[in-house]
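Can you keep this structure in mind? I'll have questions shortly.
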């Protein structure tokens, strides 16, 4: 929860509040429970017809919505998503809902590429070369430095990139591409004001959560849910059903 | 000269025209002359009272104007300029004219820092630490990777950086700062539509060229002018008076 | 055709070029012909599979694309289109393609409202009251002062309106709504850089032209095509097939 | 005070909060006192050296700052301010601080025009014709319909207008100018996040309050202060010194 009173909060950037306390993140305990007390300002009603597990996906879908807003994805944009994990697959679907003309998804996992393909995206192996000047927007969702570098090279003039994935401490920023094409790179820290749009996209079917939601756990199995991705290569998102 | 007809030109980004031919850059010869033929669209009348050498500085001043526009420098912004070469000193003056609340300039050369100080800036040695979250805008004009890294760390939340300096092939982009503070980094490739504003700033005195214009050469000495900076550490900008 | 060299053209606003010469508008004759000579910069290849009459609709569809860009229509926006003529119906479809959450269309003609309904919009009679604070974006396509006034009142805080329709010399701008809700109103003069997006939307089926294209004429019948709307109330757009 | 929790507040538009309670506006009593209790989030420290009456002017100066931000006033802009009352004179000074290339002020009062002239502005009688296409930005501060109409006509292509003055219920919006020049008109409702910039501009001397502060009153004379402008034509802003 942000403080709602600092310079960042009053400017509408509450996700950058220096005093923000993230629910469900240490040291805030107690979120793994059937009922929790929550500030109404950040509780959003789920549209009629949404299952609890669909509504739960509003969190990762919001990251995609925020990435689209940061880079102003719209009709005419060719979007490249590097990394077909849950966030990448939701961000790719968000881009399509924002009007993107084409969405290309890259990864090294054939399992994930297959899911991307089923969702209707142009899915390509990340170790294949990308044509230069072939995208307007890059969503870097892999956290891998080579993917960022290749993605930046593939952007067209005036292209916009957003770094979503975590994993590298530093990414190599090639000056020739940045300057010669006047690219813009930004980072996202979660999101702000995106839940209503995320819920709406899930509700309308514009964002499908079923193909991404590969595993379900009970409340006592929460630890297994959190460590799933380390054990099971052919997994995407796990949900805990309380 | 841009083609004026491609997608970039028609969108107003003529500096990104793939077919642009830069006047005075190989393979376009013949610009080192007393008179040249030039497209009227890119010839700008100098305001009354400007000397030829003042007007000539509209070129590097335009880089500063463009950097201010890219990062939307305005009242309330604390601007950091890393690198007190001619472009840095002009960009710093442009930032002040755009309303910046404070402008700080860093360099390793005491000569250059002294010029920055005379121009009224907070001038600091680049090897001194900068406080975190203390700037809103970074103009990286040194081309040095450490300056970029330190500058990015010193930016406050929602800060904007622009990479102007050349020198490093790659700059290290720290993911923690980029994401945690939602920074934006962009590159500039010369400028567009900036000459009228640059001439106006020089004409009004908001940008002073005299302290930056350290050396003058005749037309036959053009080569000496171009290589001055390698020979003479206490130099800034050279002008060729035809 | 714009001059490509003035301040407006170089800034990417070529539709505002003071020397623009509109093809097919007096005093430029000769456009009503099977073949015409045209500047390649403004000739756009039709995507494969498009019929000539579909491609011809890129012109009015571009108006809708431009309105969406001017008002930055995106996911989450509730859009109101006042006036269900060809431009209104294309603009409404463009808004949906840009991600609008809902699109409401008003008119006084039951014929036009029926077409709007078939296209999937919430179609309402223009003489019915609209709830206050119920839309984020207004596309005024009727040219009628009461529609503008009612539309502005129905906008929510921070709403954006664009005046597309012609017909009134003056529109009444209510200060209470403009200030109290900090609304923004802009005008559009044709469009710029919108044909590729318009062609793409027609090609993908996101914008359907068939329900709007109610009449077809041969080249010698061009005058009848241009005057159709005065004679035939149940008409929308006429196309001349050369 | 805004609620800090609604959609508008969380988006950073707290001045549009539907539940905002304006301090010092009915039905909130008790602000006419030597000491008041106030939410720290909206209390701003006055920079060292500012007198209380200078600091008090941060309120009307904030309106000017907000108008500059709404219309993105910057270097190169020719700004027209219609109405040389306190808000107009502060907004004009704010525009200059934001880098405006020229600022023209119109009014019908010779007293007010003289103050504008002393502040360095191009001051003109409001009943004199303005050249077309001669301004980029209009701050309408008079509340008079003819001033708005003349101001809009005088804007150049792509011009931006903001309606600040109150007085007319409706303003006449000429469609020919709005569309043909693609003008943008917005309204402002007080301001948001502008006090720090306003205080800084007063502190630096960029905005001078002395020429505008024509009258001073004691606390018991507050009513006289509030009605001054009706009685005394040669007055501008009154301040109550508690």
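To keep things simple, chains are lettered A, B, C and D as they appear, and every chain counts its residues starting from 1.
What we mean here is this: a contact is a pair of C-beta atoms (placed from the backbone, for glycine too) under 8 Å apart; a residue touches a chain by one contact, two chains touch by 3 or more.
In this text, all values refer to a predicted model and were calculated from it rather than measured experimentally.
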{"item": "Centroid-based (C-alpha) most distant chain relative to chain C", "value": "B"}
{"item": "Inter-copy rotation, chain A to chain C, in degrees (Cα atoms; steps of 5)", "value": "180"}
{"item": "Classification of the chain B:chain D interface as same or different, half of numbers criterion", "value": "same"}
{"item": "Geometric centre distance via CA averages, chain D-chain B, whole Å", "value": "34"}
{"item": "Whole-Å separation of chain centres (CA-atom averages), chain C against chain D", "value": "36"}
{"item": "Chain B residues counted as touching two or more neighbouring chains", "value": "11, 13"}
{"item": "Residues of chain A defined as touching chain B within the complex", "value": "8, 11, 13, 15-16, 18, 157-158, 163, 166, 168-189"}
{"item": "Contact set on chain C toward chain B in their complex", "value": "4-7, 9-14, 39-41, 192-193"}
{"item": "Chain A - residues contacting chain C, complex", "value": "65, 68-69, 72, 74-76, 94, 97-99, 101, 196-197, 200-201"}
